[in-house]
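First subunit A sits with subunit B, and in the next complex the same chain sits with subunit C.
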Partner chain A sequence: MSRVLGYLFVLIFILGLNFALPRLLPGDPLTALVGEQDLILTPEFRQELRQRYGLDQPLSQQFVHYLDNLLHGDLGYSFYHQAPVLTVIGPALLWTTLLCGVSFLLSTGLGVWLGVELALQRTRSWAATAVGFCLVFESLPGFLVGMALLLVFSLKLGLFPFFGALEVVPRVSRPVAFGLGVLWHLILPTVTLVLAELPSVALLVRASMLKVLRAPFVLAARARGLGEARIKYRYQARNALLPLITRLGLRFGLLWAVAVPVEVVFAYPGAGQLLFQALLKRDYPLIQGLLLVSILAVLAGNALAEWGYRLADPRVRSQA
Partner chain B sequence: MFQKKLLIGDRGGNFSRFGAARRYPLVFLGAILLAAILILALAGPWLYPYDPWEYVGKPLEPPSLAHPLGTNDVGQDLLAELIYGTRTSLEIGLAVGLIGVLLSLLLSLSSVLKGGLWGFSVMRLVDAWLTIPPLLLVLLIVAFVPPRVPVLILALSLFSWAGGTRILRSQGLEIKGELYVEAARAMGASVPYLARRHFLPGLYPLIILSFLVQTRRAILLESSLAFLGLADPQHKSWGVMIQYGMKFMALGDYWVWWLLPPALALGLTLVSLALIGFGLESRFEPTLRS
Partner chain C sequence: MLRKLLWLMPFVLIVAGIGLLTAGGGASRPQYLIGDLQGDWGFPSPFGHNPRGPGYLRVSFLFDTLIWKNDRGFVPALARTWEYQKSPPAYVFHLRPGVTWHDGQPLTAQDVAFTVEYFKKHPHPWVDLRPVKQAEVIDPQTVRLVLSQPYAPFLEEIAGTMFILPRHIWQQVEDPRRFHAPQATVGSGPYKLAEYRREHGLYRFEAFEHYYQGKPAVPEISFVQVGNGLVALKGKAVQAADVPPEAVKELRGQGFTVLVQPHFFCLKLLFNHRKFPQQDLAFRRALAHALNLPELVDQTLRGHGQPGSPGLLPPDSPWYQAPKTTYPYDPAAASRLLTSLGYQRTPQGWAKDGQVLELELLSGPLYARAAEYLKQAFQESGLTVRLRQVDHSILDQRVKNQQFDLALSGHGGLGGDPRIIYDMTLGPLAAEFLGGYQPSPALARLLTDQLHTLDEARRRRLVAQVQEQLAQEIPSLPLYYPTWYLGHDGRIPWFFTKGGIAKGIPVYFNKMALLSAPAPASSP
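Entry: the complex of A and B
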């Protein structure tokens, strides 16, 4: 219950910030709504817009109006794209979801495997080297890693395309070529995000795995004659995954944020790239809509993850 | 610097400096790297003749003796830009780290010592706050408020206190349960005295660690923002350099002296902070294992 209050507070803070920021701009809040078009508006049109957005009403009523619009899925109108914000960000969000989803699954799966192996083979020299690499990659920003990959594999070796997400192939008549094109463009950005995300997963799993290596239940399992593979995954890793599971929601949010500059590097047509363009063009409604939807999605994901975690682990339920 | 003091600290005088370096190679390596970067930031502008805002050469000059990293598309010296970018990154990083640590110290100590409704609401706020993705919200803020350096510092500081507060609080609660604290309380020790005499010494490894973590995060976020075009136009920034360098990436070898140096500088700064943090963490592990 109290956690719900916390989320509620953050939600109100973000909505309030989103509402207040355009109105804090020096001059006319209308500037924030129409962006660069502000310079070419006639006074009559300006007055009409002012009325349409309710900017002539008191602030409290404006806020109610704003919340009402949000509830109806109205995020404003992008004057640059000449379309409602929601229809502009829709496809971009899909691409980012694809990119982040694939990277999230891959980095979680590979990270767990690597973390388990790093803990079990901690005396081997390769494990120490791998931990070092994990540390370095964990602290590097994603866009730097992405740039290095782009430079080597796309520009120098020519193995991968260096921008976009699609081949110029008819989608209906040649679906296989289309699918392969999508996959081909997805590889480098995905590798970048996995490299940015996997090390922290691996290090986290390794640390918690080290704690259960010599736990009594492992000895008991061995005494019962269970196979090593079964002990490793069913008994040790399963317990070591707990701290990872609590952070699943948080990690997805982080991944989403890392994806923003990475998409710019690869000119991948997702939310990050769209945001970059919107920032260049000062398309304020689009900036706001994109960031608001992203932040709310991350918050919702977190709340869901926490709720699911409570269902999954009885120990947390009793702690709460 | 504090690393050396920590390393030699409570281990008696016969512990040589070289031995410390061998015992904690990660900390040592990180400290050397960081010291080099600090020197570059502090002394660079005096040692290097060019101003990064002046048009000192022809556009797109390759490296030469006069301009070791060449010039950019409008004829400004790239090495000067790199040096001044170091200052911006470190300035923002250290300021945000400091503000973050002070805030989290204040909040965690007050929530431990005061407890009750205050402590409860601080912790709930921390839990919820940690779920906000910092980059996205800071982007939202600086898209509207012009990203001057003080604005950046304030906006980044908004997200630099929650993690530290959580860690410091859990350690603080443990200290609160110690017998010596109980004894001091029984003898009527005041809250400020307890905080100064018992809590601060017990918390200081974690204070240093969370300072390092927050500084690193701030530098990373600042460079990401600058890379996305949200930087203070009056300050040179690595992120902006990287952004421009990337535009010329496909053009011959320009990336070697335009893109690589700021990328390396940024990467090395972040890695050195991470190395120091990781090394110290394993040094402090007994206190962290709680």
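Entry: the complex of A and C
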């Protein structure tokens, strides 16, 4: 109960911040909206814009209006897209969930496997090479990797599409073909994100594994005659995963921000790119809507991490 | 095994969910895709689009205006002919008979009169109807727009820009900006909206069979968001896109058609006229002499641009007149002018009363190279300049609030009616965008006179004098006009609209190019 109240308090505090932060950004949203066009707008139109977006009201009134709308499930009206925020962010969140969800699962699964193997086979030459590759890919910017993949696999080899998340004009109307089109568009952005995320997961797991390789409980497990595979994953890896679970909780909420450069390179219509554009355009309602989603994702990630911790570590369960 | 399947379940569910939720139909059709980096430009209705040019452009495929422009000038659109009446000043438009809306309803003079009243009630970013006093329906095919006084830019800025609305749809609409129903896209233009996907920046247009100028020869055309226009064009994923200058030669070598856009965008050096010494004409002239503009173009644009004219309008503008007053690169002249202001050259820089002159140059990410060049050039003339890089929204705000010494800022729209100079120099917000500059009475008079002069030859002389006056006063210093390129597969005979589309959108995608038969799809 107290934990739920804690989350509720954090949420209310963050809602206030969510309203204030976009407005603390220097820059006038109307100027950002119309750009140089500002010079040739009639005063009537400019005034109409201010009224329409509520920018002529005092901040306190805007805040009350924001909270009131929020209580009614209304996230506001986007300045730039001239549409309700919910309808703007809805499809973007769906695509982000797909892209980030798939790459999160893949980078975590493959990263854990690679990290375990890198620790266990640390004396092999391939392991040292793989660690080197991990360090290189970890430091490479996502857009650079994405651009290289685009040039090689789309332009040179013609294997994958150049932009978007689906066929803009579907060649056939069957949902299965549509789903395959979605998958086809998903591959390169996912590979880019996995290449960006996997190395850090693998290196973290490797470092944690190295600490538990010779732990007394491993010796005890071997003495009990347990198989190597079981010792590797049920005993060593499970203990080594604890720091990763904490990190995954944070990553879960922030992965869509990491995806921004990848979304830009592949014109993938995700929420990260939308937030980036909203920030440039000072689109307050859209920034608020997206930050709110982000906050909820981080809170959910934390809750999941706590739950995962309890699942992985019996000591936490017994303390609770 | 079961566990593995469980891991895959969320992924499969999401893919299937999207597939089922958003699957669209459609057989394979010939495609013409135009790639765009930005993507979404708002809902494609006359009031739903984003206020900037690309938003207007997309709506222009759906809605027609009374008149339009091709590469040589005005051409009839909904109005077959038009004439000017002197007293009271008015334009009479004779509409084409038999024009229908996309929903089959006839288009009449009532629709035009309704549109004028509607635009007056609901201000539009592109159409300023203040000069129009009233709209009178003479008969179902004739409408008269009475002006409050002679207004030279009328044809370009109102008749050639105002989308005509179907009265039977819009008369019930109280909040046009939130009217996003399918009927909001029913116009009289050559295309009907087939699909709009905001998140993909996709605008798919299908040819309107009963278009009054004949069914467009290109059956379908789309705008779509791309991550990299050049790569998508080279991979033939799109058929047209803006391309960077360094790719022009390679693209031409591969058989693509590369068009050069006229130079209707200008990067300017702004001065804060509320501060000394920027408010002093001699100082502004000194800075102008300290800059080598052809070298600036060579170094920062790799030669893909033209040096700025101190009269603001670029040589590509039909209204351009080379000013007699020029500021060639002359550091000695710059030094003389600074000395005339009481400054003395010291090892630390130019100083007055023991105070070394130090200025801050505000710049945005797009102008970073130009800012670096300016800093170096000014330093070579002994001026100490600090660079301050901010994002463009902050740059605009600081300029509007006069929180700057010097700033780099750019704008387009220089190809259309010379009213743009009026807006930029004397309009309601001009002082804000020009660092508090107040034009001299002579310049203000010239700017106002040209706006109300209908005789073109006389107006041309007035606009030439305006450019000369601007060159003398240098409220801001035009630095360069960059060259932009459009690459395409050569199928559609895109042309550059005289003065830019509508009131000056500097792009090639004029819907009139789609009415003639496209070239075979085999090239490049």
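The rule is simple: the second predicted complex is superposed on the first by the 211 of 320 C-alpha atoms of A that agree within 3 Å, B and C clash if a C-alpha of one lies under 4 Å from a C-alpha of the other, contacts with A are read in each partner's own complex, and residues count from 1 in each chain.
In this section, a residue touches a chain if its C-beta (ideal position, glycine included) is under 8 Å from a C-beta of that chain, and two chains touch if they have at least 3 such contacts.
Here the structure is a predicted model, which is why all the values come from computation and not from measurement.
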Original post:
Thinking of the overlay built on chain A, is A:Trp95 touched by subunit B (first), by subunit C (second), by both, or by neither?
Top reply: second
**OP:** Quick one: classify A:Arg52 as touching subunit B (first), subunit C (second), both or neither.
**Re:** second
Original post:
First (subunit B), second (subunit C), both or neither: which does A:Glu138 touch?
Top reply: first
Subject >> Contacts of A:Ser60 with subunit B and subunit C, given as first, second, both or neither >> reply: neither
**OP:** In the overlay, work out which of subunit B or subunit C sits against more residues of subunit A.
**Re:** C
Original post:
For A:Leu183, is the partner it touches subunit B (first), subunit C (second), both, or none of the two (neither)?
Top reply: second
Original post:
So, does A:Ala257 touch the first partner subunit B, the second partner subunit C, both, or neither?
Top reply: first
**OP:** Check whether A:Ser125 is in contact with subunit B, with subunit C, with both or with neither, and answer first, second, both or neither.
**Re:** neither
Original post:
Between subunit B (first) and subunit C (second), which, if any, makes contact with A:Leu155: first, second, both or neither?
Top reply: both
Original post:
Touch check for A:Ser294: first (subunit B), second (subunit C), both, or neither?
Top reply: first
Original post:
So which bits of subunit A does subunit B touch that subunit C touches too?
Top reply: 25, 32, 147, 150-151, 155, 162, 264-265, 280
**OP:** Note which residues of subunit A are touching subunit B in the complex, please.
**Re:** 2-3, 5-7, 9-10, 14, 17-18, 21-22, 24-25, 32, 135-136, 138-141, 143-144, 147-148, 150-151, 155, 162, 249-250, 253-254, 256-258, 260-261, 264-265, 275-276, 279-280, 284, 287-288, 291-292, 294-295, 298-299, 302-303
**OP:** Would you pull the subunit B residues touching subunit A in the complex into a rising list?
**Re:** 120, 124-125, 127-137, 139-141, 143-145, 216, 220, 223-224, 227-230, 242, 246, 249-250, 255, 259, 263, 266-267, 270-271, 273-275, 278
**OP:** Quick one: which bits of subunit A touch subunit C in the complex? Just the residue numbers, please.
**Re:** 25-28, 31-45, 48, 52, 77, 80-83, 87-88, 91-92, 94-95, 97-98, 101-102, 105, 109, 147, 150-151, 154-155, 158, 161-166, 168-176, 178-179, 182-183, 264-269, 274, 280-282
Original post:
Inside the complex, what are the residues of subunit C that reach subunit A?
Top reply: 7, 10-11, 14-16, 18-20, 22-29, 31, 33, 35, 39-40, 42-43, 48-53, 122-125, 128, 130, 177-178, 180, 197-202, 204, 220, 222, 224-228, 231-232, 234-235, 237-238, 390-394, 396-398, 400, 410-413, 420, 423-424, 427-430, 433
